[in-house]
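What follows is a pair of complexes built around subunit A, which joins subunit B in one and subunit C in the other.
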Partner chain A sequence: MALTQAKLDATEARLAAMDAPAQGAGWLAQARGGAVARLREMGLPGRRDEYWKFTRPDSLIAPEAPRAAVFEIDEAPMFDEFDRLKLVFVDGVFDPDSSDDPSLAGVEIERLSDVADTDIHWARDLYGVLEARGQSPVARPLAALNTGYAKDGFLIRVTGRAERPISLIYRHETDSSDAILHHVVRLEEGAELTLLENGPAAARFNKVLEVDIADGARFNHIRAQGRDHERRAATHIFARLGAESVFKSFTMSVNGVMTRNECVIELTGDDAVAHVAGAAMGDGDFHHDDTVFVTHDAERCESRQVFKKVLRNGAVGVFQGKILVKDGAQKTDGYQISQSLLLDDDSQFLAKPELEIYADDVACSHGSTTGAIDADTLYYLRSRGVPEAEATDLLVLSFLAQAVEEIEDEALREAITARLDAWLARRRG
Partner chain B sequence: MLEIKNLHVKLEDDDTVILKGVNLNLEPGKVHAIMGPNGSGKSTLSYVLSGRDGYEVTEGEAWLDGVNILDLEPEERAAAGLFLAFQYPVEIPGVSNMTFLRTAVNAQRKARGEEEMNSTEFLKLIRERAKTLDIDADMLKRPINVGFSGGEKKRNEILQMAMLEPRMCILDETDSGLDVDAMKLVAKGVNALRDPNRAFLVITHYQRLLDHIEPDVVHIMSDGRIIKTGGPELAIEVEKNGYADIKAEVA
Partner chain C sequence: MAALDKGEDVKEGVDQETVDAVREVGGAYKYGWETDIEMDYAPLGLNPDIVRLISEKNEEPEWMTEWRLSAYERWLQKEEPTWAMVDYPKIDFQNQYYYARPKSMEVKPKSLDEVDPKLLETYEKLGIPLKEQMILAGVEGAEDTAPAEARGAGEGRQGERRVAVDAVFDSVSVGTTFQAELKKAGVIFCSISEAIREHPELVKKYLGSVVPVSDNFYATLNSAVFSDGSFVYVPPGVRCPMELSTYFRINAENTGQFERTLIIADKGAYVSYLEGCTAPKRDETQLHAAVVEIIAEEDAEVKYSTVQNWFPGDEEGKGGIYNFVTKRADCRGDRSKVMWTQVETGSAVTWKYPSCILRGDDSQGEFYSIAITNNWQQADTGTKMVHLGKNTKSRIVSKGISAGQAQNTYRGLVSMHPKAKNGRNYTQCDSLLIGDKCGAHTVPYIEVKNNSARVEHEATTSKVDDDQMFYCRQRGMDEEEAVALVVNGFCREVLQALPMEFAMEAQQLVAISLEGSVG
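So, the complex of A and B:
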């Protein structure tokens, strides 16, 4: 399909503003070249695109990143209390001085910017490969842009059970930073890794995480998106699951004027389990979009999507979630729920749940609700002496709990709840 | 302690009048019981006193220690020392009983200008008070009332009462849905809180709760009014003869 002139112009304008990474004959240069070609074919997202009906892509594709002030806050950094391997990025560039030595038993860690001419066979088979697979049936141009232009990120291969989590920390220090990061994670058979991510990253952040999970491996992912008010982010996770493997991802988002988190999951081995969840709280000009696409292409797999958003003062929440069950993916168990709690009449939640099923012996369900604070419950709390604002916040936490409970690890679950609680308390003043 | 004067209440949304001039004087150290048939306005009285939305006070006052509580928000009434044990306690997933109680205790202390309780003090106190009610640590950690049996919910109400130490306690049909053993346990919890400085208003359909929480004064309510007041023997009379006789006698 030929692109419209407007789309062509927008795409070329964006590409003209990028400095291309070093070219060469190596595998990485080829992968990048392939991605740019893909991008030129599909064009950057436009407002008329069905997949961008609820979220205006303008600020995410503009040649220059809109500025975002750095938010100063007197609070211990997220995940500070956990024993983890810290890898710090400042405005999208790895900062070895602030980071731990990137070595961990059972794990190989390579920095993307160091590998251009090294033939890392496992990464060659994945970098941009899972992203490319995820371009069909729906185009994800910002991910192709990322593959083409990301200069930094990590290639992580897990061969055993990682003894502690790898923690990617994204600091934002410059108002105008425009960061692109691309990580690839490969979990070999039976391997296990917990990946933590936190921080605002940049004024505008484009991140891709490709995760390939071999048979029997487990991948846990907990993300806390930074709370700089004006930050913008378009992130993609592309996950491929082998037999009996497990993928669990949870994202907490508070603030940020524009966030689009896409998660593309492919269940390719029998008996695999994929859970993806999100808890978001937004105030005012907050716009938060969760777009999830789960493909069942094997038997007896389980997928679960649990997304909760609390919106006030005109904040907008979007959920686009799809479960595609391919022919032959019998005994699929697919579940999807998206719910919003609107604290006033100005806020809105737009949801598009979809099921597409080509197998005849499956159990799939989806639900979406939008509601307000329950008056009886609020009265119950107030009758115990809890003032209305505090009682409302307890009910906000109660509402988000179902998503937070998707986090397996109790300490991480509590850390996330404490953050949500602190954010609410600060807002109350 | 709590003096209710000529209280008239209607529903906010329509013209249904529920309370038609209730007068009650609840003294410290005393347990008053209100009995009455369904629809007589007993539960409404408890809701109106604690500040639930949906009702309109068209006339009357309710003075708690010199303040007309009908002018206050529900949380202010609680801080002033009023407590209602709900007939149907609300389930709140995702918030632990413990977190909730600590928030409530400290919110009330803050409202009264008192120092907040630290977590060590709080833990010690809640463990001690939970024990009396046969509430274990697991129940304290669980989300508020979620998956609790009828008896557990009511015991949880009494635990809240014990922790908040109100001066005026209203129990709305605390016996409903309880078997005898559960009721005894609840009654034991309530009796432990009887105190010369605390007043109780026990709302119930049946006399059986009053076997375990012995009232000083019994009122019969019918059609939005207190139609008869007497001693504990009045409850026994109701149990024997029903409300019809009393209504006939008063009419």
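So, the complex of A and C:
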């Protein structure tokens, strides 16, 4: 379908405001060119797009990033207590001085900008390739924009069992920064990696993470989108899973004026497992959108989506989740739950939990609930001497626990819970 | 069902009874014959003159003609919707007839006695009794006059079964039974064309007030060219003394049917309305684009039941009806209630979302649906529950069953507006796939804008009423059996509310269990 004039204009305006990355003859230049062509064909998202029904894309596509005040952090950095390999970005640019030496046994780590001019690189088969696969049946123009214009990011190839997690830290230091990062992770057969991500990144952050998981490999991903209130983010994960591989991703989001996290998972090998979960707490002008698309294209795969949101003071939570079971993906086990707790009358939860199933021997289910804190439970706690504010927080935490429990590693699970708890306690004063 | 007959594997755990029932329902189409009768057609295609012609044939006043013409103008501006998960060749709106009337209806018969016997035969063959005498005899206990199969199905209910029928044949209403008796109770039940002539004040007040003229492509088209349909007005405090029904029959070739139904239940009124439809077997597809509007004032209650059995196309997917229907109820008054029940077995393509606008405080909307698609059928159906008033409640139970190469989609919206304090919704949609070439899809939209509202959307079989489940499990049933029992029990209740004419069909549907179902 031809693009509307408004869409064409918005797309060209955005592209005109970009400074194009250095063009070259290398594989990366080709991938970028392809992505920009894709983007021009689909146009940037508009308010009338069905896939953006619940989230206004305006601030994410504007030529200039809306300003965001740098947030003063008054607590220990996230994941500080963990032994990890730190890679730090400041406003979307890698900062080697604050980072660890990027060497880890069983893992090759290269900076995107360092390999741009090489003719051959393993990432050639993945960079923008998984993103392009994820453009159908629904267009994800912000991801194509990212592939076309990302200047920085890491290419991580895991051949064994990484002994330490790789931790990507995104610092935000300029109130007008507009960051685009693109990472590619390839896990070879039987490899294992835990990837941690945290930090506000920039006033506006566009990030793509492409993950290719070979047979029998395991990928764990824990992300904390922090307390940085005014930042905006549009992130995409594109994951492709081989046979008997495992993909687990958890995201905690507290605040952030605009967040759109898309997760596109393709189960291409039999017996693969993909779990994706999120716990979000929003206050005030908080708009948080989880958009998940899981495609089952192999037999006996399992997918789980668990998303919980606690909203107050006009916060808006969005969940768009889809399980697509292709013809022949028999014995699929697909599960999806999206729940929200509205703590007051001004908050909203908008959901579209979708199933599209073309195989008959499957067990797919989804559930979605929205409501206030259960008055009886609150009364029970209060009658046992727990003050109302504390009782409410206790119930909020237990509500979010179902999503947090999706994190396999106990220490990480506790770290996330502690953050949620601290956020509530601070708010309580 | 061709696919199953070829020995295709059926998933383990699916009841043979279910398979048989689906085969039976989706199998030989029983109503595929046609009536050989001389017809008057409007010229082929659509333009303002055709709109005027339809208006003229219906002897409509000027304001109605204008209403139609303005709808036609708007329709020209509108685009055909493409968001539904249905796929069909582009419809050529200029290559069909918009009005077809049996020649014998040129002079409107004064009573059913004057109606062309061929038409009466048609309805008799369909099992729709148009002779009051016969029905009354049945009521008075002379059961031998009722057909044997109907007696079996409606056992023990004969005494209470009386159904007034408005029979629509292509573009015209052939006749309406029990009008006199209904009139005594104050109920107006007639064809919409008659209502436009006889009760213009009611029609003017309500027509288009629930489904606005420019609501959507097909509703706008309908507003321009609707030829007939039914009109019901139940005055304040009146409980309609019998069930009302309309039976739609498409007979003419290459002709679209555009019926319009308007049901008004005034304060404290109650009416149960039933709708049935069939069409002959043909290789060419035919368009059916209806609009149904229901208005429920304070304390009023309307039950609307449909057994949709348009010709679904043959086993190769040839022919069938394109059923693009807009049905909406406005629960305008406090404590009003509307219940939609639909059994969707026919049509090649269905695009239908019977909805409730819950405007009045404490108003209630319910939607119960069983949609069965087989062979190459495609159904995209569901409901919208828009909660505007306080303490409004809605309940959605949807069962989709696909077989052959069919695609079955539930699409729904539950919207809790900021002022819908203490709004409640419970939604359950389950799908069952029989065979591995078909598809089942669920596309619910949930929008909650106040925190006293409670919305639950379930597509898991584990969330049938806990107490009932506990009761069954306690007596040794496993979970699946218990769910099937509970849900079947529910279906039975819904299906029994349907008129006797549909009873045999309904009985077959009851056997469908939910075993092996997916969300």
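Note that in this section the second predicted complex is superposed on the first by the 426 of 429 C-alpha atoms of A that agree within 3 Å, B and C clash if a C-alpha of one lies under 4 Å from a C-alpha of the other, contacts with A are read in each partner's own complex, and residues count from 1 in each chain.
Basically, a residue touches a chain if its C-beta (ideal position, glycine included) is under 8 Å from a C-beta of that chain, and two chains touch if they have at least 3 such contacts.
Being a predicted model, the structure only gives us computed values, none of them experimental.
Colleague: In the superposed model, which partner reaches more residues of subunit A, subunit B or subunit C?
Modeller: C
Colleague: Examine A:L343 and indicate which partner it touches, taking first as subunit B and second as subunit C; both and neither are also allowed.
Modeller: second
Colleague: Of the two partner chains, subunit B (first) and subunit C (second), which one does A:E410 touch, if any: first, second, both, or neither?
Modeller: Neither subunit B nor subunit C is touched by A:E410.
Colleague: Going by the contact rule set out at the top, does A:K352 touch subunit B (first), subunit C (second), both, or neither?
Modeller: After superposition on chain A, A:K352 lies in contact with subunit C alone.
Colleague: So in the superposed three-chain picture, is A:S368 touching just subunit B, just subunit C, both, or none of them (first/second/both/neither)?
Modeller: Touch status of A:S368: second partner only.
Colleague: Is A:D83 touching anything from subunit B or subunit C once the two structures are fitted on A? First, second, both or neither.
Modeller: A:D83 contacts neither subunit B nor subunit C.
Colleague: With both complexes superposed on chain A, which partner does A:E72 reach: first (subunit B), second (subunit C), both or neither?
Modeller: A:E72: touches no partner chain.
Colleague: Quick check on the output: what are the common subunit A residues between the subunit B footprint and the subunit C footprint?
Modeller: On subunit A, the subunit B and subunit C contacts do not overlap at all.
Colleague: For subunit A, which residues count as touching subunit C in their complex?
Modeller: The contact residues of subunit A facing subunit C are 50, 54, 327-328, 330, 340, 342-345, 347-372.
Colleague: Report the residues of subunit B in contact with subunit A in the complex, numbered from low to high.
Modeller: Touching subunit A from subunit B are residues 50-53, 73-75, 77-79, 83-84, 86, 89-90, 92-95, 99-100, 103-105, 107-108, 111, 143, 160, 164.
Colleague: Taking the touch rule as given, give the residues of subunit C at its contact with subunit A in the complex, in rising order.
Modeller: Contact set of subunit C toward subunit A: 11-12, 83, 85, 416, 418, 431, 433-461, 463, 518-519.
Colleague: Which residues, counting only subunit A, touch subunit B once they are in their complex?
Modeller: Those residues of subunit A that touch subunit B are 375-377, 379-388, 390-391, 394-395, 397-402, 404-405.
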